[in-house]
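As written, the chain order gives the labels A, B, C, D, E, F and G, with residue 1 at the start of each chain.
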Amino acid sequence: MEEQFPAIIVAVPLFAALLVTLVWWFDNRFCFPIAILAGTVSLAASAGLLLRVLSTGVVEYRMGGWPPPVGIVYRVDHLNGLFLVVISAVSLLNLAGSRTIAKKEFGEKLGAFYALYLLFITGLLGILITGDAFNLYVLLEIASLTGYALIGMGRRRAPLSSLNYVFMGTIGASLYLLGVGYLYLITGTLNMADIARILPAILPSNVVLLAFILCLSGLFVKMALFPLHAWLPNAYTYAPSTVSSLVAPLTTKVMIYVMFRVTLSIFTVDFAFNSIAVRLPLLWLAIVAIVMGSLLALAQKRLKKMLAFIIVAEVGYMVGGFWLGNRAGMNGAVLHIINDAAMTLCVFMAAGAIVYKTEDDRLSSLQGMFRKMPVSMTAMVVGGLSLIGVPPTCGFFSKWYLISGGIAAGQFAFVAALIFSSLVNTVLFFRFFEIGYFEPFPPEKTRHHGHTGYLAQSKEMAEAPLDVLVPLITAAVLVILLGLFSGEIVTRVIQFAIPAVIG
Amino acid sequence: MSVDNLSPSDVAALRAKRPALPSRTKKSISFVLTFLICFATWIVLSGRFDLFHIGLGVIACSIVSSLSGTILISRRGFEQMPRQWLQFILYIPWLLYQILLANLQVTYLVFHPRMLELIDPRIIRFKSRLKKPMSLFIFANSITLTPGTITVYVSITGEYTVHVINEQAGNSLPGEMQERVARLMGE
Amino acid sequence: MMDSFFLYAGIYLCLIMLLSLYRAVFGPTVLDRMIGVNAIGSKTTALLILIGIIYQRVDMFVDIALAYACLNFIAVLAASRYFQKIKGLYDESH
Amino acid sequence: MESIGDLIIAKYNYWAVITLLLIGLYAMIAKKNLVKKIIGMNIFQTAIILFYVSIGSKKGATIPIILHGPAGSSHAVHAADYINPLPHVLMLTAIVVSVATLGVALALAMKIYSQYGTLEEDEILEKIMESETG
Amino acid sequence: MIWPLDIIIVSMVIICGIAAISIKDLLGAAILFGAYSFMMCLLWSVMGAVDVAFTEASVGAGVSTVFFVAAVFRTSRRSKD
Amino acid sequence: MRTLGLIAAFCLGGLLFFISFDFPSWGDALSPASRHVSPYYIEHSLEDTSVPNIVTAVLADYRGFDTLFETAVIFSAGLACFFLVRVSERQVPAARFYRHLATGITFRIEKGGRLPEGTGEFERIDSLWVPYDVIIGMTCRLVVPFIQLFALYVIAHGHHSPGGGFQGGVIFGAAIILFAISTNLRRTLKRMSERSSALLSSLGVLIYAGTGLLCLFMGAGFLNYRALAAILGVDQVAARSDGILIVESGVGIAVAAVMVWIYYNLSSAGKQDEGL
Amino acid sequence: MTVSAVIFIVLGLFFFTGGSIGILRFPDFYSRLHPAGKLDSMGLLMTMAGMALYTLRDFSLPAIITALKIMLIVVLVFITSPTATHAILDAGVRAGLGPWTAPEKKVKE
């Protein structure tokens, strides 16, 4: 059975999604257990796969039994083995916490929600695991399509933002597809390893350069790097809370992984870092993204929108760390993907819990929130500290790697941008903590524009239900644990994930 | 338009024409007939006569007949069918001849340099004596295919609204064609 | 010889399609566009078979043409249904 | 020495791809109506499909369906006789994806219409501004 | 591939595409988009991609135009550009 | 912003244009694309799978995994449309129109009034009612079964001629949509309810994924149809051919059901009582 | 047989030409439907018959089946084309488009 793990990781959530759709028309109650079961199986299979990769090296799985250039092949190495575990764990955690909130948000369409959720996970896990450039596109589309639907169910501006996301997402995916087409034109194959084998022989070639540009710009649209980020903030802000805590930690991270994969495994390190002069421009793009993301986050008045702009800045961290082109920077980028997934999950889940109770996410309406929802706010504090980069949390360690990488590469602008962004995050979160902890309760009836829910007026403790809180606490603990064990992760796994060429 | 609404007596007449056969028999007869028609079509489409493909054909035809057997054949009077089909085959050559005439006339109009003087489009209305929906349908489509006339609307009671390209094209309606259609459908 | 005949027939058919396309693109009302597109559809059916003959694989192309003949009028029916439900033409002049 | 005519014949398909790409992008960026944007998105996707199919075409080859049935498989099949089937397969998938995206985009447009009563982007933004300030 | 046919059809595809996005009536745009996919179908059969042509024929003629018309029916026909 | 986007788009176009001179020319039989992998498909598909249509062989077998997700994409589109636009039935309907069958009198029943459903004397009519059109109705009655048969033919003969599950499924769906256009949505819903279209769409993908999982449990890899030989009692090449047929029929079912489902939701704006 | 095929196809192309020019020349959309509805289906019949004959030049079972399929297309078109014509015309009437009438005085002026 162990040989079949790569197939099981993807096939089980897909199968469960179909099963949920079948069962849901007869009974609503089975959806959640099936989804949890599928998530658990998939997590277990990814963990097993990672262990296997750690002991034996790269695992290859042939779909339909056809050898690589002819058929589709799944290829798991240290990089995506690690990400598989992280992504499936994050999605499972969020799934576990979604039960009550989803029931409130989707009501009768609960089954459809879980089916779309599982399909989304299927798509992301497939993107991580596949070794075929076109298969990646199909899986990308399945993840995006379900993402559009999930985001579009939110309130107010959600449909419009989702439609904008559809347009931008389609442009991004199509540009990626066009890039793959250029590669196919020049090499005649779609298998990533095969392309990487053929490419050095035909370099230098304008077609390859253009393919590189197209693929990367498509992925930049998808990952919302700064000038192309327009779709992200609104989409994440207005999405339902269970959805934003699913989409926000995962989509951009997976896209950054795809950038890693495309650059390292298709275009080869030598081409991307040495032959063409894209390293520095992309680094500067990342720096601009960090600065602008932070500045824009500063201007926001809503909690979720602020978090969304922080994500825009974080994308800059990872892209910049990658294009530093040295080992420390790349370590930091990979580690930051994992850490960022964990801490964005933490803050968005906490925000979801808060919004679930107060139905308002204006920063100004969070007065006295620490006394009303102590657990959620504590989790929020942990996540916030991690986003700032305070030592025991995981955010500190990846930032440390990134900064040391920046210093080693002599890119002090990048270092400065990182520090600036950390400062801005400090300001943001301490403003938030101040509102939540120190500001007195609003006197009744004087809050302007305020939502007059029953909770807003009472001073009682009103925490979110237990099945929301337990995953939330787990996520917060995970943020700290990842920080404590980050050295382990780097030396055991990430070291091997980065090609030896990079010094 | 006035033809939109049916008068009560028309509806009563329509209701009186409910099928005489019990519905189950009707269903099975239409299943079998649809199956036969479908299977003949399948053989033309498929062009493969090994057992596997014939088997597939049987499955496909059963699916189609069970899904939409009642769509294709839902009128009463199965016993008239063979005669009608024979009549229909006899009707086709005449129709083709009319179509050819129509085309020559329209082509003449199209290429005529002073075409605008020759045409005088107008909409005419008349009531036909045909009753069955099938004969109404055949008559309407025949009108469309024959010289200078296009059916605009047919009400279920047999009132035709026809667009004619010039006056003499409208003069021939309902005329011979209606008789032929009536003979064809046994009315 | 026959090949070039069919090729020229195909080109001629394409040119005729261009005429219908004029009506489809510049037709003053939507209905004129529908006429144009409908006419293009029937020519497409013929052209598909012609291409099949040029490739000398008619048996493969005939299925596409058949699908075309079946489905060509669905769009027209849907559009006319639109007019039956919502009466009135939209004035395109502004 | 290639003449310009030969060059055009050899490359015009790729130029058509570029034209269609630009038409699609133009519609998606410059048009304000959401349905127009959706049409532009579809044109954009078809342009890429056209690109792939152009890669696959081969001079003097026939369509990728082997001429003789399974019984006559004794005679060898030459790769040069048949058009490259792989881009066709990929593009079938891409067409399916574009239909799926079309469906979802239209559903979203419909939801937006029921919310704001218009499909023009600037009018929608105006309404949003009104509702947020007032 | 038959390039003389191909070049005419390609130009018609481009004409259809431009027309489909520049018509002010959304129903007309939907119908012209149908014509656009007719042309695409032809183009693909000219290039020998029969399966793609078949798919485009069934999708373009059968389904996507109907979806457009249905969506326009449920929303509005008005378009400012 | 808009002009900036346009400038970027045209820069992209120019770049693409200039790079196109480096391409191998159109239809070149010696371009890399047609020399590396594709000859394998052309030369071996017949002996590997006994399917003459190479596209079908590659689609459903060599790259069957892509096709599984293509079907999943379609399925999720159907689900997404449902998720986005479907309005709950429990909402009290606005004014409805009924016609008394015997007299032809049309009633308008206001919101909250008692609805004469189930008496058999009344027929619900659309608020934008159009009279029964004999010509369109008869044509559709004649043509719909034929189109359905043709769709099944396309699915079944995907091995030998162009076509296959997706095309056949779309045509089948179009036939049902045609029926809905020619009559009305409620009559179509009686023949194929929303629930059955949802169930069928997920069942179709389930057939595909289930075949894959069956192969996995039989000991071969995911979607390796060779494992089906033991179940079907045929040799391995024929098992691949049969596996392709099974998978294609799954795709056909899924696609047809999803197309109908999307049409239901789009044409009725999610209310599923009055359509186009 | 080839000669008759060629004659049929040429005739069909002639009708198609007539249809297209008619669509361009006629004054209003009601009268445009006359060439569109009739000449196109006739042109299709002719070309299809020609091509079916051409397919039949090597007389074998697959060729007969193919020719039958081609004629099946014609049958389908002869059912659906008048319906489509009628549907468009009906749409026009419901949309309230007035039919064009001959402006006899204007022509004389």
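As a convention for this text, a contact is a pair of C-beta atoms (placed from the backbone, for glycine too) under 8 Å apart; a residue touches a chain by one contact, two chains touch by 3 or more.
Just so you know, these numbers come straight off a predicted model, no measurement behind them.
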Q. How many links in the shortest chain of touching chains run from chain A to chain E?
A. 2
Q) Which chains are shared contacts of chain E and chain F? A) C, D
Q | Minimum number of chain-to-chain contact steps, chain D to chain F | A | 1
Q. Quick check: more C-beta contact pairs in D-E or A-F?
A. A-F
Q) How many angstrom between the C-alpha centroids of chain C and chain B? A) 24
Q. Approximately how many whole Å separate the CA-defined centres of chain B and chain F?
A. 31
Q) Which integer distance in Å separates the CA centroid of chain A from that of chain B? A) 61
Q: Find the geometric centre of each of chain A and chain D from their Cα atoms only, then give the gap between the two centres in Å, rounded to an integer.
A: 29
Q. Residues of chain F that touch two or more other chains: which are they?
A. 16, 23, 26-27, 31, 33-34, 37-38, 41, 53, 55, 59, 63, 66, 70, 73, 76-77, 80, 84, 133, 135-136, 139, 142-143, 146, 150, 154, 160-163, 166-167, 171, 174, 177, 181, 262, 266, 269, 276
Q) chain D: which residues touch two or more other chains? A) 9, 12-13, 25-26, 30, 54-59, 61-65, 86-90, 92-93, 96-97, 99-101, 103-104, 106-111
Q.
Going by the contact rule already set, what residues in chain G reach two or more other chains?
A. 19, 21, 33, 41, 62, 65-66, 69, 72, 76, 79-80, 82-83, 85-87, 90
Q: Going by the contact rule at the top, pick out the chain C residues touching chain E in the complex.
A: 7, 10-11, 14-15, 17-18, 21, 24-25, 30, 33-34, 36-37, 40-41, 44, 47-48, 51-52, 54-55, 60-61, 63-64, 67-68, 71-72, 74-75, 78-79, 82, 85-86, 90, 92
Q | Sites on chain F touched by chain A in the complex | A | 15-16, 19, 22-24, 31-38, 40-41, 61-66, 68-70, 72-73, 75-77, 79-80, 82-84, 86, 88, 195, 198-199, 201-203, 205-206, 209-210, 212-213, 216, 220-226
Q) Which bits of chain B are touching chain G when the two form their complex? A) 1, 41, 44-45, 47, 99-100, 102-103, 106-107, 109-111, 115-117, 119-123, 140-141, 144-145, 148, 150-153, 161, 163, 165
Q | Complex contacts: residues of chain D adjacent to chain A | A | 25, 28, 34, 37, 41, 44-45, 48, 51-52, 55, 86-87, 90, 93-94, 97, 100-101, 104-105, 107-109, 111-112, 115, 124, 128
Q. Which chain D residues qualify as touching chain E in the complex?
A. 9, 12-13, 16, 19-20, 23-24, 26-27, 30-33, 35-36, 39-40, 42-43, 46, 49-50, 53-54, 56-59, 61-65, 83, 87-89, 91-92, 95-96, 99, 102-103, 106, 109-110, 113, 118-120
